[in-house]
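There are two complexes below, and they share subunit A, which is joined by subunit B in the first and by subunit C in the second.
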Partner chain A sequence: MSQEEDSLTKNVRLRLGFADQLREVTVTTPKDEPRPWDADSALTVVGQPTPRVEGSLKASGAAVYTHDVRLPGMLYAAILRSPHACATLEHLDVAAALAQPGVVAAVPLAKVGDRLRFAGHDVAALAARSRDEARAALSAIAVRYRPEPFVVDTLEAMQPGAPQVHAAAVSERRTEGDEPGEASGGAARGNVRLGPSQSKGDHKKGLRQAKVTHSATYTTQVHTHSALETHSLVVRWEDPRRMTVWCSTQGIFSVRDEMAEIFGLKPADVRVITEHLGGGFGAKFGASAPGSRLGYAAGELARRAGAPVSLCLDRREEQLCTGNRPDSIQQVTLGAGADGALTAIHVVAHGSGGIATGAGVGRSAFGVYSRCPNIKVESHDVFTNAGPSTAFRAPGHPQGAFAIELAIDELAQKMGRDPLALRLAHVEHAVRRYQLELGRERFQWAARRAEAEARRARGARIRHGVGVACSIWGDYGRAKAAVVTVSVGRDGAIFVRNGAQDLGTGIRTVLGQVVAEVLGRPLAEVTVLIGDSELGPSVGSGGSQTTSSVAPAARNAAEMVRAQLAELAARLLDRPISELSWGTDGSARAGRRSLPFRELCQKIEGEAVVASATRPKTYGAHPMRYPGGDNYQIAGVQFAAVELDTWTGELRAAEILAIHECGRTHNPLTARSQVQGGVLLGVSYALMEARVIDRRFGQVLNPNLESYKIAGARDLPAIDVVFCEVHTGANSTGAVGIGEPATIPTAASIACAALHAIGRPVRSLPITPDRVLAALAGQDGA
Partner chain B sequence: MTGATKLTRRGLLRGFGAAPVIASCAGPSSGEAAAEAVSPADPLIDAVAIGPGLAPLDLRLNGAARTVEAAPQATLLALLRDQLAITGTKEVCDRGACGACNVLIDGEVRSACMTLAHDVAGREVTTVEGLATSGAPSPLQRAFVELDALQCGYCTSGMLISCSALLSRARGPLSRAQIQGAIAGNLCRCGCYEQVIAATLSAAGERSAL
Partner chain C sequence: MRPFSLIRPTTLAAARARALAEPQARPFRAGGIDLLGLMKEGLRAPAELIELHALSATEGAEMRALAATEGGLRVGALVSLAALARAKGLPPSFEALREAASSAATPAIREAATVGGNLLQRPRCWYLRHPDLECLKSGGASCLAEGGENRLHAILGGGPCYIVHPSTLAAPLVALAATVTILGGGGRRTLPLEELFAPPRERIDAEHRLAAGELLLALELPAPAPGLRSVYEVAKEKLSHDWPLAEVALSVVVEGQTIRGARVVLGHVAPIPWRALAVEQALVGQVASAELFARVAPLASVGARPLAQNGYKVALTQGLVRAALHRACDVPIPE
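Right after this comes the complex of A and B.
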């Protein structure tokens, strides 16, 4: 280490690890970094189950979402969308719409000659004094389409001679919701665009060495985000160079940048506000939806009308144009030696994100069973004339986990091995091994497997099945991206400010807890202000990185404020600062003298003590090697028990044990809710949800919430959430992400449990009664 | 049908039994048969013809008497959210599939998106904003917060309405199945059902302990 670097860093000894596997580790941090919280840190606010601070606003109806913004003179926008799966726009004239009652402005969103590539593509937008008037006036827009051949089925689109969805090369569009990594290369063959592959060893050699092989095709469906609040924004021009945007977004700053770019403004002249948002799940980055230029439409209508414009998609538009989880067709080949050791994993995946890229299958096959020496995972995009995909809670992973985990179970079945034992033999990650062993006991794996097999053997009508699957995700906490400001006023008021948005995960509460912890004050005395670009730079809420990027920055800022207060106290108490300590009630102490927090605050010179801070890059301390990736790999496992009615084919998720970690769990109450939500999303994906698209007409048949089935209260399994706290020493609070890992293994574990109950695999999601009955009737794969 | 025709969405939705439909379509001058077919106490049937423009209606909203003007085709949801700017009630599907816009009409749970504004004339409408008593949240609202029965919060007002109605109509101790039934029409995408059930059980327990 150079002398210069040395002067900027320091070494600290921390106790890191998990459960009974804790050890002393030396960690190198920047010199001004507080000592990271480790296993020995006794915290009193962080780590306590804490109701979310905005809870009463949400439970009283007072919380303001973008849909609720009401401004004087505000107009309502509506968008005309192409009804054709593929068409060329031959004529478009919005002028006639301007004569309709209440209409104030209209703008084309497509040009004559444009190819409109899916049913739902933007054509034109208008703004009127009421929503009814806006929607009614859409029919006055003069438009003519020339329908063209199209393809909406992924397999059909892969055939030579299929209608070509894109004439030119398509570059990959990534958002903060995507897992960081390389964008795919993009060479295209017909509608197939070659994606990146993950590779180690020589999978061909591994397959040649194998004594047992298993090869099968697994398919998954298109899954829509279906956030309850549809994509929406309200734009108000303050003057010709400045605008305020209220937006239902996971990324306030990506909205700011997009609006600035569209309208040629300075980013600093675009203010974005997201006080609350009604879910996003990855689809709400940027001002626009993946399949609709909402930012341009609302901003341009507002500019032309000289009035604020509210653009809130209706449910149908939300289901058609705002993103989805791509489908997949995965050819999985596994090889194992006579001793049962995996010699090769090979996955070739094709998937369609409609007109968009992004149909990879994650890192489960590559990163989880890392003792397998030869692995190759190839994933390719297939373009179809359907609404574009976008990041959806753990992009690629649930579909990838489903295929590899079910294939592992089928291989185990073929070899007569216990699928959990087979997994343990190939998992290197110490935390994941611990979780698998913990789950084996807690879920009574052996006894339940035996009971289920006995039922199957005696031909019981109601059968049981038990399965297990793993998740892998990275610690993507970002350095220097979030700047948090903490202030303590002369009246003792504590404020925390940052431009993050609360997706529903509870980041407001976590920020308050961290600052309350450092200052030794009750959470109720801390006011957290977020949801506004003017509150300081922050990260988008995607990739499970919000808490790990923002909470350490909050701690660092609070520590700086405390240091300033300590200096003041030392002066007041007339003692050297080295003698000063900070009481758990926020009082400053030196020797036998102490100064209560309020009294100290009254002596602040000026209005307040203020400090802003960010966090450095992950120190990356423990464990030093992360099987499956370069940065810390977050481990999680889920065990599923299913109940099967062999007469009706109905398969129910009865119980899920979800064992996860998010480094130091900052708020167990909200973290638990988040894991339960991830599990339920996975149950819904496994058993119910599927976007249905008509092949002959290219229309989505269920762009709604009554025939697109999402899990309700009666579909809820018993969910047992266990946090296995890991002290990683990664950052000053020890936070790592949880949002995505929680939903990755659910569908996979249910599919494995279904195999156990039926005796044969259902290799297609969702596992609906018809597929179950076909499997029961002896059709492999259904 | 004559100029004095009145047609209500509720009258139609009541079913396709001939008598109620005929009755609700009948003008003041039609025969006694129609008058006998309906309950004279039903305020909907006594309404005068409305539209096509705005027409006034009286209702009680969250305990206060209100006179508002609404177009005949306006839904109760549009009246609340767009016209009165009372936005606690959310629009999610706009077709009765998700429960996010649930309100109480004379104490019964109804989808505001499937109810015409003029159908609540003379009735008592309670939205999530009306669940508190002089500013103090109800025990159910408190339990929702304490037990974290909400994440993004967009389904919360509908959930609260469904569970409040269950609490006021249920006799004796509540079961999980009863609560699951009460919220079977309320979709939550964040996955809070377990906590909603726990919060409702907790509020019911608090009530029975009184």
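Right after this comes the complex of A and C.
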């Protein structure tokens, strides 16, 4: 370490680790960083199950979402969309629409000569006095298309001579939803764009050494985000150089930058507000997804009309144009020695994000079974004339986990080994090993496996199956990105301000808890203001980084406020600051004298004590790093039990045991909801959700929530959530992410349990009765 | 959705006259679940809806009735699925009907949806309901499901169109030998419910045999034979808010251990509620047993001609029939 760096940093000894595996570790932090919370920190607010502070607003309907924003004189927008899977725009004239009842403004969104690359592509937009008038007027827009050849099927698109989706190389804005470090932009061959690969050792050699091999192809479906609140924004121009945007977004600042760029404004002159968000799941980092121009449409209509414009997509548009999880076709080859040790893992994956990129398969195959010496994972994007993919809760990972985990189980079956034992033999991460062992006991793995096998052996009608799968994710908590401001007023009022949006994870509540903890005040006395770009820089809610980026910044700001208050108290008590301590009730103490919080506040000179702070880059990754990074590797495992009716092929997830960690669990209640939500999403992905597209017409057949099936209340398994707290030494509060890790292994664990129940694999998601019946009838892979 | 007028006639004659003047543009509205869905999706744009709930108490009495008749049951066309599901005192023999009524759609939909509307709703085929595609039923030249995405389509009785009949109530009502009373130009007529449904070979623009402006008034379930039991079984991909992949309603008359009569009706596998006659014949005169059911269940799909993606419905339907027989005849189902 250079001297200069040395003078800016300090070493602290922390007690880090988990369960009974705690030890003293030295971490280096900036000099002015508070001592990070570790295993010895006794906290009273952080770590307590705390109901989300906006819960009653949401439950009562009082919470204002973007769809609810009503401004004086506000107009409603509607968008004309191409009905063709691929077409060249030959003629477009929006003028006639202006004569329709209620219509105030209309703008083209495509130019004559443009190729419109999927059914649902933007063509033009208009704004009218009511939503009905806007929709009705769309048919008055004069438009002519010249249909072009198209391809919507991923395998067909990979064939030589398939219609070319993009004539030129594609470059896309990265969003905070993309997994950091995932490179994009390889060479293209036809519709296939070669992606990055992850590699170690020599997989070919490993396969030559193998005594047992398993090789099969696994496929997954296109999965749509289906947020209940569709993409929406309301734009109001304050003057020709300034606008306010209400947007249903998980990235307030990326929307701000996008709108500033579109309209040539300074970012500071665009204010973005997201008070509450009705679901994002990765599709809502910008105002729109690739291939669609919602931000421009709303902003330009508002400019031309001289009135605020609300653009709220309908369900059909939401399902077609705003994002999805790409499908995948993964060839997995595994090799193992006579002793059962894995010698090689090789995955070649292709997937289509429609007209967009992003079809990688994550890090499960590369990072989880890292005792295997030879691993290669190659993944390629295939372009098709279909709606764009966007980041979707743990991009790539659920599909990657499904393929590798089911392949591992098939290999174990071939070798006559217990799949859990095989996993334990190859997992290096101590936390993940601990979780697997914990789950083995808690789920009664051995007894349930035996019971299920006995049922299968005696040909029972109702079968059971038990499976397990792992999750891998990184701590992407960002340095210097979020600036949190904490203030304590003379009246004792405590405010926390930051421009983060609440994706639904409960960040409002967590920020309140952290500040309440530091200042020793009840949570009810802390008001948290978020969801507005005016409240200070923050991160997008992607990469499971919100809590880990914002909560430490909140702590650091609160510590600065407390230090100022302590200084004031020392003066008032006439003691040296070194003698001063801070009571858990927020009172300042020195010797036998103490000063209650409110009294102290009354002595504040001026209005308030205010401090703003951010957090530095991660300073620790104990006990295990993420492959290729300096950041901590988040571990999780899920056990699934399924029940199968062999007469009908109906397979239900009966029970999921989800063992996860998010570093220090700041709020067990909201963290639990994150895990439950992740499991629910995973169950739905495993068993029912699938976008259906007709390859002859290039049309999505189920752009709705009726035949695009999402798990409902009665489809939910019993979910047992267990947190195994890990002190990673990553940042001042010890937060790491949970949102994404929680959904990664669900479908994989269900697929493994399905293999156990049926005796044969279903290698395609979703695992619907048609596939189950085929597998029961003896078709391998179905 | 195109704006429309809601007409509220109080007499049957007025309702019919209004509809007859322009039948395509003036449908009756019962629960409105199917109708409004079609209108919102832009698949129908009627100028007027004729509100059946506006009928006066006397004029609408028959359509609103839910009452026991000598041993049987009368169900008015305007009775909601929810009312049927929770009706007290339904003869236990009619269990299949109660089960079906409480399984269809969602609790909220069942409160609004009516028996008549349920039987007369349009198919859910995703080609028929696609705004940018034309299939046989929506004026195009061919069935798009036949060579397309057809995992939800018909395996029995299909062609030239392969829809499945959407009504969940149809199967139990046919299994219980219901008759239907219709008010038309020539006055009232009553026919076996089975005869209400028209396969695509006979009629492509609708799935029933009602003439324009005809009103479905009520259904009548005859008094059950002693020993009659009925059950409904369904398979779905999800349990909340989903359509059946296949369903079966059956009634059996069991005397001692011997099956004296059977009506086995399959749903969501054919363009009309499908009588599995081969199963019925194979059951009659036999002693109920697990072995018998295993032997006759495969007859459920006699004549099936699956399309590329719906072959699974063969095994699925057989499984449902087998499970239903166990329950109906009280023969313990294997573990």
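What we mean here is this: the second predicted complex is superposed on the first by the 768 of 782 C-alpha atoms of A that agree within 3 Å, B and C clash if a C-alpha of one lies under 4 Å from a C-alpha of the other, contacts with A are read in each partner's own complex, and residues count from 1 in each chain.
Going forward, a residue touches a chain if its C-beta (ideal position, glycine included) is under 8 Å from a C-beta of that chain, and two chains touch if they have at least 3 such contacts.
Bear in mind that the values here come from a model prediction, so they are computed numbers and not experimental data.
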{"item": "Touched partner set for A:I462, first subunit B, second subunit C, both or neither", "value": "second"}
{"item": "Which of subunit B and subunit C A:A713 touches, first, second, both or neither", "value": "both"}
{"item": "Partner chain in contact with A:P537 - subunit B first, subunit C second, else both or neither", "value": "neither"}
{"item": "Partner chain(s) touched by A:F697 [first = subunit B, second = subunit C, both, neither]", "value": "second"}
{"item": "Which superposed partner A:M688 touches (first subunit B, second subunit C, both, neither)", "value": "second"}
{"item": "Comparison of subunit B and subunit C by subunit A residues contacted", "value": "B"}
{"item": "Which of subunit B and subunit C A:T768 touches, first, second, both or neither", "value": "second"}
{"item": "Which superposed partner A:P326 touches (first subunit B, second subunit C, both, neither)", "value": "neither"}
{"item": "Which of subunit B and subunit C A:G335 touches, first, second, both or neither", "value": "neither"}
{"item": "Contact residues of subunit A, present in both the subunit B and the subunit C interface", "value": "132, 706, 711-714"}
{"item": "Contact footprint of subunit A on subunit B as seen in their complex", "value": "71, 73-74, 78, 81-82, 85-95, 97-98, 100, 127-129, 131-132, 137, 141-142, 144-148, 150-157, 160, 179-181, 183-197"}
{"item": "Subunit A residues within the subunit C interface of the complex", "value": "83, 119, 132, 136, 455, 460-462, 645-650, 652, 687-688, 692, 694, 696-697, 699, 701-702, 706-707, 709, 711-715, 768-770, 773-774, 777"}
{"item": "Touching residues (chain side subunit C, partner subunit A) in the complex", "value": "1-3, 124, 126-127, 130-133, 144, 147-149, 151-152, 235-243, 245, 309-312, 315-316, 318-320, 322-323, 333-335"}
{"item": "Residues of subunit A that touch subunit B when the two form their complex", "value": "51-52, 54-65, 67-68, 70, 130-132, 225-230, 276-279, 281, 314-315, 503-506, 669-670, 672-674, 676-681, 704-706, 710-714, 716, 719"}
